[in-house]
């Protein structure tokens, strides 16, 4: 008898689920892409910020060009991919997305195989991971880093479009309390106390020159312990008190919210990490001039504050990358 | 890379990676080679043993007791059914979210994964013992405890081993994602592909697969060894025999 | 330090009203604390529908293909007993290879996507279904088979009219186990770029509401498929219904 009841309950739950699912799918079909709530509800008379280079103009000729935009598997990459995809769609291209490709090696391989036509990559990552540039030979000027990356990509029939204003570097972060306790401002200040501190970072951090390995080699730091955790835990372990030091990204919204202190890279270990959209040469030629123009236009407003906000809307407010990207394009007048 | 291996392409490169260390893709460190793989495998096995040990401590006595009392069959079977449906990834994720990282937490999460097969098999193993045998034993004056230890436990051993085998194989597979929770296992080259490269990722995948197969075969042999001779049979030769034992051994006969 | 690098403003300027204020006291909401938030779950349930649909597709296709292969193999092995051992050993090895490892072993060969995920998922169903079909057919009492033969049925008729119907409960049991197992394994398919509920789970492991909903859907899906197979089996084998499960 009891079992019967349970089963009945389950069936009911499933029916309810299916109903919700159906209605959800229904609304999806109607493709109300601009789920405009309160803010955009008024008529289309007001253009928000037409000073920002103006809206993207759709070129019907682009319709026959299909571009597949890729991205790696974390928040900032996904939102960048979405911004580019939506912007190119506004410019008239037929756009597909593959926004969860894994790490940079996977993304690059997918790009070279032609499964995607473009994905955003950070200049520093490209130099370290793709082009084998040693730490002591890394450029410290964003423009120089971009030029080097562009030349190296060109050898592989890839075009690196002009980079974003923001840079999203690895950062050595501590809480305000830790910084005050040990008097920490620069990474090198850690030297005398590192053996009392536990460092948390992603699993790959252990053996990367722009992470633990570099901190050991360049700064001579010997931490009490290194604990590998999923990349998504990087802020939580610090605010939660498990980590004394954690490796975070410049544009993490939690840095601001939790008032982390980002130690200054006083020995210049980290290269610039501006984002450049890397495009296959063949796709670049096929797409015509609107591709570069569109990307450069939407890149212009992507400074550190804006990207941090975009990350915040996804990581903290739990919007989807698609939503956040749409809001960005709308806010700055790229689309209506 | 030696020539014979080169013919195998990326797989040859991966095998080479297991035996010879090389510079990390990102530079500055040596990765791969027997030394590193030995230590990764050691950690992998350590967390596996800890998890299965922990699970056995809970599930074996419980399963034997429930089986002895012929009660709670619904519990034993549904624990195992739901256990199969909960994706291991979700389990680890929930553990990270609620408890945090580290060896103890990971071992605990993996132990939860290991409990259902052990519990179900111990339960089924004991209930399958012929009622007449137990009645005879009781008639001869054996106490409850003696029946459990001297009759039910030995006769249930093959199934118990089957449950252990399933758990060990599952845990070896799932311990691959432990590096995202603070424990550096063979999953590390798979997760940190940017450092280890394709060869390292594939090499680790091969070693994990081998480890699982070795555990399966090894524990399978152990299971056969503890199976009373008349029940063994030869594969495929009889209509039941070993085949039946194996089926039940995986805890597959529900409904 | 080079000015360009050092002077990147962390929060300052830009934004033009784009940056929301999250510092005031109201900031500590359930959602930004990554908690379990019923209201959020209700409002955002629709974003799990696409991954759920994909998960269903991955599972059902794998089960259908896996069932066809192993059922055929089992029918062959039913008459040719020597086939059982090699099939069990081969599918046993496939079953043992950890799914994550198998996805990555397949990537260099079949690339990212649906195909790779399906090959892995199908290979895990084979052993389970094959074993149960064979055991089910073996379990048919030999006097029943003899009686059927005595009534003049040939081998083929005996198989389809007597043996398979009587083996249905065991076959269904195998399918049920295969179904729940496949639902669980399909949550790793996103590693091969094939989507499914693993996608949203892994996209925000910190957010308890997210992990709970996506993981919960996995479990519900498994239970649903389990009950579905059970219901079909009960329909097909009315004579078992009198017996308590």
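We call the chains A, B and C, going by the order they appear; numbering starts again at 1 in every chain.
We take it that contacts are C-beta pairs under 8 Å (C-beta built on N, C-alpha and C of every residue); 3 or more make two chains touch, one makes a residue touch a chain.
These are the chains along with the protein names UniProt gives them: A = Substrate-binding region of ABC-type glycinee betaine transport system.
The model shown is predicted, which means the values in this text are computed figures rather than measured ones.
J.: What chain lies farthest away from chain C once each centre is taken as the mean of the Cα atoms?
T.: Chain centre farthest from chain C's centre: A.
J.: Taking the mean of all protein CA atoms as the centre, name the chain whose own CA mean is closest to it.
T.: C
J.: I want to compare two interfaces, A-B and B-C. Which one has more contacting C-beta pairs?
T.: B-C
J.: Measuring centre to centre with CA averages, how many angstrom lie between chain A and chain C?
T.: Centre separation, chain A to chain C: 31 Å.
J.: In angstrom, rounded to a whole number, how far apart do the mean CA points of chain A and chain B lie?
T.: 38
J.: Suppose each chain is reduced to the average of its Cα coordinates; what separation in Å results between chain B and chain C?
T.: The separation of the two C-alpha centroids amounts to 20 Å.
J.: Quick check on chain C: which residues sit in contact with 2+ other chains?
T.: As it turns out, chain C has residues touching two or more other chains at 34, 202, 205-206, 223.
J.: Where in chain A do residues touch at least two different other chains?
T.: If we look for residues of chain A contacting two or more partner chains, we find 102, 230, 233.
J.: Among the residues of chain B, which ones contact at least 2 other chains?
T.: 96, 198
J.: Contact residues on chain A for chain C in the complex?
T.: By the definition above, chain A touches chain C via 7, 10-11, 13-14, 17, 20-21, 24-25, 27-28, 49, 73, 98, 100-102, 110, 113, 115, 140-143, 166-167, 230, 232-233, 236, 250, 253, 255-257, 262, 264-266, 268, 272, 301, 303-306, 308-309, 312-313, 315-318, 320, 328, 331-332.
J.: Can you list the chain B residues touching chain C in their complex?
T.: Touch list, chain B to chain C: 9-11, 81-82, 84-90, 93-94, 96-98, 169, 172-174, 176-177, 187, 190, 198, 201-202, 204-206, 208-209, 212-213, 216, 235-237, 239-240, 243-244, 246-247, 250, 252-255.
J.: Could you please specify the touching residues of chain A with respect to chain B in the complex?
T.: 3, 102-106, 128-129, 132, 134-135, 202-204, 206-210, 213-214, 217, 227-230, 233, 237, 240, 242
J.: If you look only at chain C, which of its residues touch chain A in the complex?
T.: Against chain A, chain C makes touches at 1-2, 4-6, 8-20, 22-23, 27, 31-32, 34, 40, 44-47, 49-50, 52-53, 111-112, 190-191, 193, 199, 202-207, 210, 217, 220, 223-224, 227.
J.: Touching residues of chain C toward chain B in the complex: what are they?
T.: Of all residues in chain C, those touching chain B are 34, 81-85, 88, 92-93, 96-102, 104-105, 108, 128, 131-132, 134-135, 138, 169-170, 172-174, 176-177, 180-181, 183-185, 187-188, 197-198, 201-202, 205-206, 208, 211-212, 214-215, 218-219, 221-223, 226, 245.
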